[in-house]
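The following pair of complexes shares a single chain, chain A, combined with chain B in the former and chain C in the latter.
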Partner chain A sequence: MYAFLSVASFLSVFPLYWTVVSATNSSSDIIKGSLLAGTHLFQNFYHLLELYNLSTALMNSTLNAVVLTVASVIICAMAGYGFEAFHSKAKDKLMSILLLSMMIPFAAVMIPLFQLTANMGLLNTTIGFILPSLSTAFLILLFRQSTRSFPYEMIDSARIDGLNEISIFFRIFMPTMKSTFAAATVITFMSAWNSYLWPSIVFRGDPSAFTMPMLIARTIAGNVTDHGVVMLAALIATIPTIIIFFFLQKYFVEGIAGSIK
Partner chain B sequence: MHIPNSHATRKPFLSLERKRSLSGWAFLSVAACLIIWLNFYPMVRGFIIALHTGAGANMTLSNPIYRNFARLFEDPQFRQTVSTTFLYLIVQVPIMLVLALILASMLNQPSLKGKAIFRTAIFLPCAVGLVAYALIFRQMFAHDGLINSVLIGIGVFETGHNWLNSVWSARLVIIIGLLWRWTGFATVLYLAGLQNIDRSIYEAAKIDGAGIFQQFWKITIPLLSPIILLTAIMSTNGTLQLFDESMNLTGGRPGMSTMTMSHYIYQTAFVHSPNLSYASAMSFAIFIFVAVLALIQIKVGDKR
Partner chain C sequence: MKKILAITLSILMLFTITACGNGGSGSTNVGSADISADNTVTPPPDSDGAELSGTIVVWCWDPTYNIFAMDEAAKIYREINPNFDIEVVDMPMDEIQTTLITTAASGTLNNLPDIFLLPDYAFQKNVIQFPEMFFDITDSGIPFHEFASSAVANSVVDGRNYGVSFGAGTTIFAVRTDYLTEAGFTVDDFTDITWGQFIELGKVVLEKTGRPMISTSSGGDFISFMLQSAGASLFHADGTPNIANNSTLHDAINTYLELINTGVLLQVNNWDEYTTSFISGAVTGTISGCWIIGSMQTAQDQSGNWAVTNMPRLDIPGGTNYSNFGGSSWAISSNSENAALAIDFLKHTFAGSVEFYENILESSGALPTWLPAGTSNIYMEPQPFFGGQAIFTDIVGYTEHIPAIITGEFWSEVSVAVTNAVVNILGGADITVALQEAEDTVIFQMGR
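Now for the complex of A and B:
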């Protein structure tokens, strides 16, 4: 058992270790199969900055991911809360219809979505980027399921205190459901940061709107690849999600677990 | 003494009950409208586009009206991408689910030492973006990449194998990549499910003389079956839509032998001479595949 787990752990971590190491090596050291950290980190970084617009891509990715995460978590949390705390037969029926949307592959809607975004003049904009994933049945379901365990007496007493429904949501529900919100934030941020297919459609025409995944995909596009630069770019694109993963691992696991109960 | 005003005795326009129900609808309306507008409507719209030919303002109904769909059956490149995608699906998903089950039940052993380290290591690939890992694997399996250096070093090859330039090894690399990226994710789901199973069931089974394999087959698998079904549906769905790996790990090469359906649709719709209506017909085919496979899996899962 320990042998099996050790091998699995090694195989899981090794490619990442090698990425970190290679980001500090020169192209020729990488070809030689170096497994130790080298001294080329700054040269690689310098080349990366020289060849690609790293800071713009980092800023675009951050802006897009933050806006999408905040907007989509609030919209879906409200919906999940609405479905469960004001539960009714008709709402259940609507929910099961909305769940069908999880069966629709993105490839099946990307062309109409592209036309729709283009017609509204939203190509190459953050709004255009966030539209398709603003509201997802998965997040609504996550919030609906976890609202089941919400102490309803708190809502009732807040109503008696004269709070209106919106204030109850923001002032009572949100603070109580912190861990669900954290999980939803982690999941949404990660998928927004890493998304690639939709950005490469919606930001196609404007290099200044490129995101990190689009930038790192370009590092291999040329004829000559600088291996060190590729690995450093992949590493930089990965760092934010790895940090979030380490700090919020508990929520990440809980969040996924919460959604399957 | 204060006398309540007459309004309170009259029946209000909206009863408290109705008012509550309406605020519930208000809470969920934005999200529901967005899903209808950005998921269901485009689905229908895509079907309509698939019935047309031409581009932009010159779109006309195609003749015969199912022409784009008929073309699917005559297009060898589409057939190629369908079979490649299904190859990934049939090979990768079962291996991944079995591996994840084994890993999760090991990680769930109460006697296991160093659990946190193993768990973090095995979950770690989930935190890596799809494009980033595709590039990492592309570099590892490059002709002058690490894998070849190691294999030459230990004497397996004389000159190294050109992994990404021959059909079957390139496909194999994509499958290895998928296994690396997603096994940890399935393990998380199984582990969460296992933690909901009462340990005393296992204790009782042990007392009755059930070995570790019997416990696995008779307790773990049946109790986890809803989650196994969920992961099967999710990964089938995900694999049928595979794009980032095909685009960035192999670029669909050599030839089009590693290209997935989504990649081909993207190419048809947005690269070279765009043909949105034919691409829409292919998109609709993916939808049919996903829907049919999900239905089959739900049927099979229910019987168990």
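Now for the complex of A and C:
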């Protein structure tokens, strides 16, 4: 059993180790299969900065991911809460229709979505990027299911104390369900941070709007690939999601399990 | 209050969902782009560019190759036309392709750049599928006759020119001379030979050094440039696929099988393994587009141990030692408000300046398909990495002899079908049956 878990752990961790080590090696060393740390970290970093606008990509990715995460989590939480707290048969049917949207692949809606965004004059804007992902059926479902375990007595007593419905959501529901919010934050942030296809369409032709996944795509687009630069860019792009995940790990597990405070 | 909140939330949700899914009724007359139905209008040719002014927006990929070349071209052109400016946007090939598809499908052409780069294998397909996006530059004054005919052919549709070729993909056999010496051979033994001779020599090298001659990660690509070397295409002139009864294809596949069965060719799983195989010395050399020299030059410790010669030929009538793998061409967007300036710019740089090609050679290794550039003395300089061989002159010399072929609208589909057929044949399938299946698959995909 331990042997199996050890092998599984090794297989899971090895790609990350290899990325870290490769970021310090030259391209030819990586190709030759070097698995030890090298001395080319600063050289790779220099080439990365020389050829690509790393700081802009990092800032854009951060801005897009943070704005989308905050807006999406609040909207989906309100929707999920609304579906359950103000439950009716009609809303159940609406929820079923909503869940069907999870089955439509992005490629199927990509062109009408682009047309819509272009017509609204939102190409090359953060709003154009976040609008299609602002509400997702998965997040609404997550909040709706979590709301089922929420103690309704708290809502009733809040109403007796004179809180209006909006205040109940923000002052009672949100603090109580922070595990679910943490899980939703991690999922949305990672999804927004790693998003590539839609940003590459909506931010087309605007170098000042490039994101980290778009930058990585550029590092492997040439005739000659500098693997050291690719690995360093990939490593830098991974760091924020790792930080977010470790920071919210405890709540993430609880949130996915559906627990409340 | 409950109802109001519920209704508000529901409306908000419905709005965002419909916003995501709406517009699926197809492309209508949207966008502010007023694309002329006649995109074959040729802008007035301008002899010196002095009266033209503006900023050209260019989409292309690779900062060390295409983008670098564009920036250098801009420097040259500014000397002729000081009123010229350029904005080069780094966009990978896949993003350009995705953008063309979304743009065409949505009819929103007003966000296209003035000039964009397309890989040669996909150029005709895009012109045929999205003709409204391409400017016809046949009569623009660009001297297409000065380019290698095989390179120009990639961007010609119905006899009209839509692209300016850049970056030769001339096929070369790059080989480690130290390994050849170990086996008792020189590069001359591998020059102007047939595949049969190559296999016989390769067996000796394998026996004496333990190294296969070459490697590949894609049998389909390998067979494609074998075919082009004999002037054969996977299409008939009328655009129908030419697979099942293509005798040259049969010869190429049989040669490929023999290369594998004798161990002269090493099959690897992906592109990274392929580059690793020749850089690490697992194989004696490689046959690929000339741009591959950039990859081997990353291993500077091997400087002086490489040489370049032409590829082997199929031993059939029309077989040559020259082919093409890769390369790309500049297209001018039909929506460009600066089309005349864009044409003048390309005419005086990529299609007219030896100095430009001299400037980009050292840093990017980009070789011209515009043949007058090959006369420059710089190309004749010996290259230390290649043991003092003047490889650039040699490669430009090969470029002139590459047979032109039809790539057509469905090149990618045919290429995938042939690659799959080769995999099946390697797995034991009958070659005739496998190729007939490939042809049937392509005909189905073409909707014919």
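To be clear about the criterion, the second predicted complex is superposed on the first by the 249 of 261 C-alpha atoms of A that agree within 3 Å, B and C clash if a C-alpha of one lies under 4 Å from a C-alpha of the other, contacts with A are read in each partner's own complex, and residues count from 1 in each chain.
One rule holds in what follows: a residue touches a chain if its C-beta (ideal position, glycine included) is under 8 Å from a C-beta of that chain, and two chains touch if they have at least 3 such contacts.
What you are looking at is a predicted structure, and each value in this text was computed from that prediction instead of being measured.
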| item | value |
| --- | --- |
| Three-chain arrangement built on chain A, chain B and chain C clash or fit | clash |
| Touched partner set for A:I111, first chain B, second chain C, both or neither | both |
| Which of chain B and chain C A:A217 touches, first, second, both or neither | both |
| Touching partner for A:S12 - first (chain B), second (chain C), both, neither | first |
| Dominant toucher of chain A (residue count), chain B or chain C | B |
| Which superposed partner A:A3 touches (first chain B, second chain C, both, neither) | neither |
| First, second, both or neither for A:L36, with chain B first and chain C second | neither |
| Chain B versus chain C as contact partner of A:F245, first or second or both or neither | first |
| Touching partner for A:W193 - first (chain B), second (chain C), both, neither | first |
| Chain B versus chain C as contact partner of A:F86, first or second or both or neither | both |
| Partner chain(s) touched by A:M231 [first = chain B, second = chain C, both, neither] | first |
| Residues of chain A that lie at the interface with chain B and also at the interface with chain C | 31-33, 75, 78-79, 82-83, 86, 91, 94, 98, 101, 104, 109-116, 131-132, 134-135, 140, 165, 197, 200-201, 204, 217, 220, 227 |
| Touching residues (chain side chain A, partner chain B) in the complex | 1, 4-6, 8-13, 15-16, 18-19, 22, 30-33, 75-76, 78-79, 81-83, 85-88, 91, 94, 98, 101, 103-116, 131-132, 134-137, 140, 165, 169, 190, 193-194, 196-197, 200-201, 204, 212-213, 216-217, 219-220, 227, 230-231, 233-235, 237-238, 241-242, 244-246, 249, 252-253, 256-257, 260-261 |
| For the chain C and chain A complex, residues of the former touching the latter | 1-3, 5-6, 9-10, 12-13, 16-17, 19-24, 27, 30-31, 57, 59, 61-65, 89-95, 98-99, 101-102, 105-108, 111, 113, 272, 275-276, 279-280, 291-292, 294-295, 298-299, 326 |
| Residue ranges of chain B in contact with chain A within the complex | 20-21, 23-32, 34-35, 38-43, 45-46, 49, 99, 102-103, 106-107, 109, 112, 117-118, 120-133, 135-140, 142, 144-146, 149-150, 153, 180, 184, 188-189, 191-193, 195-196, 227, 230, 237, 240-241, 243-244, 247-248, 261-262, 265-266, 269-270, 276, 279-280, 283-284, 286-287, 290-291, 294 |
| Residue numbers on chain A that touch chain C, as the complex places them | 26-28, 31-33, 51-52, 75, 78-79, 82-83, 86, 91, 94, 98, 101, 104, 109-116, 118-119, 123, 131-132, 134-135, 140, 164-166, 197, 200-201, 204-207, 214, 217-218, 220-224, 226-227 |
